[in-house]
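Each of the next two complexes has subunit A plus one other chain: subunit B in the first, subunit C in the second.
What follows is the complex of A and B.
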C-alpha cells in the first residue's frame, strides 16, 4: 500500500513537474506567469486524442504529434500575442494579462469548435498493472513516471551541453547582458516557447490518459504553478522538486486522510510555503526594487 | 427591454466589485487573482442569512461585506507581512481563491456543489444602481483621502513610502479589506439577483475578469475600470447572436487591448472630455507602472 501510494504519487508528481518545467522555463526568461501554459497543455491532450483515436496514427506517433502540435501552438502564441509587448519592453504584468486573454480565447475556441464533451483515451495502459514487491502498480503510472523524468533529464542535457542551452541559461540571469553578447533574443524566446510547448504536449497526453480530455482540463495547471512556487519560480530543478513533492504529498493526503481535502491541502500548502519561504526551495527571491 | 435592463443590473453589480478592486490593484499596486473568493463569501453569507434565517436584505448584505473583509485578513496578514512580490502574491491569491471554492463545495450549509436555489429576489435595477453609485462615490473619496494618497505612494515606490513613514502593511491591508468588502457586497447583490448560487460560478475566470478590467481600464483610474467592465459584460451580450462566441470575443478583446493600448483604456486619467484629444497619442511605458 505504501509503495503503491508512493509510486502513484511520484508519477503524478512527474506530470506536475513536466507542466511546471514548461511554465518555469518561460518564467526564467521573461519573468512573467504564462497563464496560457495550461491551455496549451489542454490542446496538446486534444491533439494526442484525435491522432490516436480518429486518425489512428498509432500510440507513439500520436504522442509525437501532440508534442509537436503543442510546441507549434506555443510558438504561434508567443509570436502573435506576446512579441508585440516584449518588443516594447512592457512590464510583466501586461504579459500576464495577455496570457490570461490567450487562455480564455483558446479555451472557449475549443468549446465552440470541438464542444464540451469529455473524451477518454483508448485503454492502452490503464487496465494492466505490474507487481513490484507485492504492490499492484499501474503501467500508466509507471510509464508516466519514467517518461517524465527521461524528458526532464533530456532538457537538462540540452540546457547544459548545447550552445543554445547556454544562451538560454545566460538570458535567464540577465537578458540585456546576454543580448549584448550577441544572443538573438527574439529567436531565443521562440526556442524557449517551443521547448515549453513540447513539455506541455507531453504533460497533456499524460493528463488526458490518466483522467479525461475536456476544455477546462488546463485548470490542473494551477497545480503546476504551485509546484513552481514551492520549488522557486524560474528555477528548473526547483520546478521538478516542487512537482514531485506536491504530487507525493497530494497522493498521501488523498489516500490516508481524505481525497476531498486534497485540493484545499495543495492550495493551502502554497500559501504556507510563500509565507515561510517566499523564494521557494531553490529560487532566488527578488526583493521589491528600490 | 427586460433583457437590456438585466444586463445593466449585472453591470452595476460588477461595477461595485471592480471599484473595490481598482483601489487594491490600481491604486495600491497589488495584483489579486482570488477576488472571486470574496464575491463568493459575500454571496453565500448574505444568501444564507436571508434564505435560512430570514434576515432583512440590507443587514444580510452588510454581513456579507463584513464577512468578506474579515476573511481577507486571513490571507492578507500573512502574505502582505511577508511582502510577497508581483507573481508570488498573485499565485498566493490564486491558491486562496481556489481553496475557498473547494471549501464551499464541501460545506453542508452551502449545500456543496449543488448550490443554493431559491434565494429571494431583492436586487432590482434601482437597488443595484443606487448601491453602485454610492460605492463609486465612496471609492472616489477613499482615493482622494489621506489613505488613498498613501496607497498611491506605496504603489509608486514602497521603499520610499516606508521611509516617508507610511506603514506599508496597514495601507495594503486597508485597501485589501476595502476591496474585499466591495466584492462581498457585489456577491450579495449578485446572489439576490440571480436567485441561485453554486461554487462553480466563482472560479478563477471571474477573478481574472475583474483584474483584467482594472488593468485594461487603466491602473490608477477609477472610471477606466468601470468603463472596461461595462465593455467586458456588454460586448459579449451584444454578440449573443453568436452565443458561444462571446467568451472567445472576450479573450480576444483582452489581448487586443493589451497589445494596442497597454496602459489601459483610460491610462492614469479619469473620465473627462480632455482625454478625447489625447487618445491618439502614442503609448509609452516611461510613466507607466
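What follows is the complex of A and C.
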C-alpha cells in the first residue's frame, strides 16, 4: 500500500512538476504569475486531441504538433498582451491582471467555438500496467513520469550549457544588468515564453491522455502555483521538487487521512509556506524587477 | 450644440422604439384573443422541457415523442371530444428559467397540468408555483425523493412523478449485485459534493448490508476531481467483487479507467446517470462489462411499438429514457381527466393520486397516495458490451 501510494503520488507529481516548470520559467524572468499558463495547457490538450483523432496524424506527430502549437500560442500571447505593457514598464501586478483576462478570454473562445463537450484521447496505451514489487503503475503514468523528468532535464541542460540559457539565467537575477551587457530582452522574453509554451503543450497532452479534454481543465494550474511556491517561485529545480512533493503529499493525505480534505490540505500548506518560508525551499528573495 | 443633437437623435430613437414595441404587443394581444376563442375547445397541457443546454439531447427527443403521441390521440377523436394541445417551454435544465416558464404556463396559458420537468432540482423549484396555482405537474425522470415529499415529510399535493426514486434504485443495484452477480463484498466510490451521488451511495450501502453483503470500502471525492487513484488504491486493498460508482458518466468513466490502470478487476456498477454515450467514449475499454440501473432501454420488449413509430416518424432512435417517461406521464394525466370528469387542477390531482394498475409504456402504473411515487416500478439493468449498451433484464426488487 505504501509503495503503491508513493508511485501514484509520483506520477501525479510529475505532471504538477511539468506545469510548474513552465510557470516558474516565466516568473523567474518577469516576476509575475502567468495565470494564462493553464489556458495554454488546455489549448495544447485540444490541439493534440484534434490532431490525433480528427486529422489522424499519428500519436508522435500529434504530440509534437501540440507542443509546437502551444509554444506558438504562448508566443502570440506575450507579443499581443504582455509586450505592450512591458515596453511601458508596467508593474508586475498589471501583467498578472492581463494574464487573468487572457485566460478568461481564451477559455470562453473555446466554449463558443468548440463547445463544452468532454473529449477523450484514443487509447494509445492499451489498458495494461507494470507490476513493481506488487504495486501497479499504469503504462501511461510510467511513460508520463519518465518523459516529464527527461524534458525537465533537457531544459536544465539548455539553461546551463547554451549561451541563450546563460542569458536567461542572468536575466532571472537582474534584468537591467543583463540588458546592459547586451542581452536583447524582447527576444529573450519571447524565447522564455516559447519554452514555457512547449512545457504547457507537453503537460496538456499528458493531462488529456490521463484524464480528458475540456475548456476548464486549466484550473489545475492552481496546483502548479502551489508547487512553485513550495519549491520557490522562479526556481526551476524548486518547481520540480515542489511538484513532486505536492503530488506525493496529496496522495498520502487522500489515502491515510481523507480524500475529501485533500485540497484543504494543499492550500493550507501554501499559506503556511508563504508565512514561514515565503521564498520556498529553493527560491531566492525577490524584489520588483520589471 | 453637438451634445444636444446627439440627445435629440437618441430621443427620436427611443420614441420610434416605443411605437414599434407597442405596435408589436398590441398585435400579439389581438392575435392571442383570436386564438383564445378557438382554444376553448382544447385541453391545454404544459410541457417543461430542456430544449437547449446540456440536457437538450434528451429534451428534444422528449418533445418529439409527446407531440407524436398527442397527434395520434387527437386523430382518434381526442379526450372527451376535446383535442389536446401541448404548450412546450424550454427550461434549459435551469431552475430559474423553469420557474418563469411554469408561471407563464399557469397564469397566461392557463394549462390544466404540466408534464415535466426531467431534473430533480428543477422539479423542486417549480413546485412552489404549481402548489400555489393548484395545477399538478408530473416529473418525468426526477429520481430524488424530495421532489414529491419535501423535508417536512408532508407530500406535495400537486407534485407527481412516473419514474422510480433513488432509494429504490439503490436497492435494485444492491440486490442485482448480490443475487445476480454473486458479489458478497462491494466497494463504493461517490461524489461527496453531489446530493444524487451521496444519497444513492447510502441507499446502496443500506440495502447491500441488509441482504447480507459486506461493504468493504466507501471512498468519497469532491466534485470536479480528476484523479481517483488514491481512493482506488484503498479500494483495491479491500478486494471487492463489485464497485458501485453512483456518479455522472464522466466521473464514472475516468474512475473506471484509473481502476483498470491499477489492476482492479472488480465489476463496475452504476445508476441511471450513466446512461449517456459519453460513458463509452470517455471510458473506452475500461467500462466494458459494467452494469447500470436505468429507467428504460431501447431493447425493452415492452416499448418496441413506440420505438418503431418514433423511428418511422423522425428517422432516428429516440434518446431514452425521457421520451418514454413523458408518454407515461401523458397517459397518467389522460386517465385522471377521464376519471375526474373535470379539468380542475384539484380534481385532477385527487384522481391522479388514485391511479391504479394503469397500462403505460413501461408497465403497470400505480401511484402511492402517501408519496405520489409509482409503486413497484420495474428498473432496467443495462450492460456495456462492445462499446454499446445492451439490455440485460427488467428487474423488480423483492
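Heads up, the rule we're going with is that the second predicted complex is superposed on the first by the 284 of 290 C-alpha atoms of A that agree within 3 Å, B and C clash if a C-alpha of one lies under 4 Å from a C-alpha of the other, contacts with A are read in each partner's own complex, and residues count from 1 in each chain.
In this section, a residue touches a chain if its C-beta (ideal position, glycine included) is under 8 Å from a C-beta of that chain, and two chains touch if they have at least 3 such contacts.
Please read all numbers here as calculations on a predicted model, not as lab measurements.
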item: First (subunit B), second (subunit C), both or neither touched by A:85; value: first
item: Partner chain in contact with A:93 - subunit B first, subunit C second, else both or neither; value: first
item: Contacts of A:263 with subunit B and subunit C, given as first, second, both or neither; value: both
item: Which partner reaches more residues of subunit A (counting touched residues only), subunit B or subunit C; value: B
item: Contacts of A:58 with subunit B and subunit C, given as first, second, both or neither; value: neither
item: Which of subunit B and subunit C A:274 touches, first, second, both or neither; value: first
item: Touched partner set for A:106, first subunit B, second subunit C, both or neither; value: first
item: Overlapping contact positions on subunit A, where the subunit C interface meets the subunit B interface; value: 260, 263
item: Residue ranges of subunit B touching subunit A (in the complex, touch as defined); value: 31, 75, 78-79, 81-88, 90-92, 94-96, 98-99, 102-103, 106, 157-160, 204-205, 208, 211-212, 215-216, 244-245, 247-248, 250-255, 258-259, 262, 283, 285, 288-289
item: Residues of subunit A defined as touching subunit C within the complex; value: 1, 4-5, 8, 12, 116, 118, 120, 123, 126-127, 129, 131, 136-138, 140-141, 210-212, 220, 250-251, 254-255, 258-260, 262-263
item: Subunit C - residues contacting subunit A, complex; value: 54, 192, 219-222, 225-227, 229-231, 233-234, 236-237, 250, 253-254, 257-258, 260-263, 278, 281-286
item: Contacting residues of subunit A [partner subunit B, same complex]; value: 27, 31-33, 81, 84-85, 88-94, 96-98, 100-109, 111-112, 222, 225-226, 229, 233, 260-261, 263-264, 266-268, 270-271, 274-275, 278, 285-288, 290
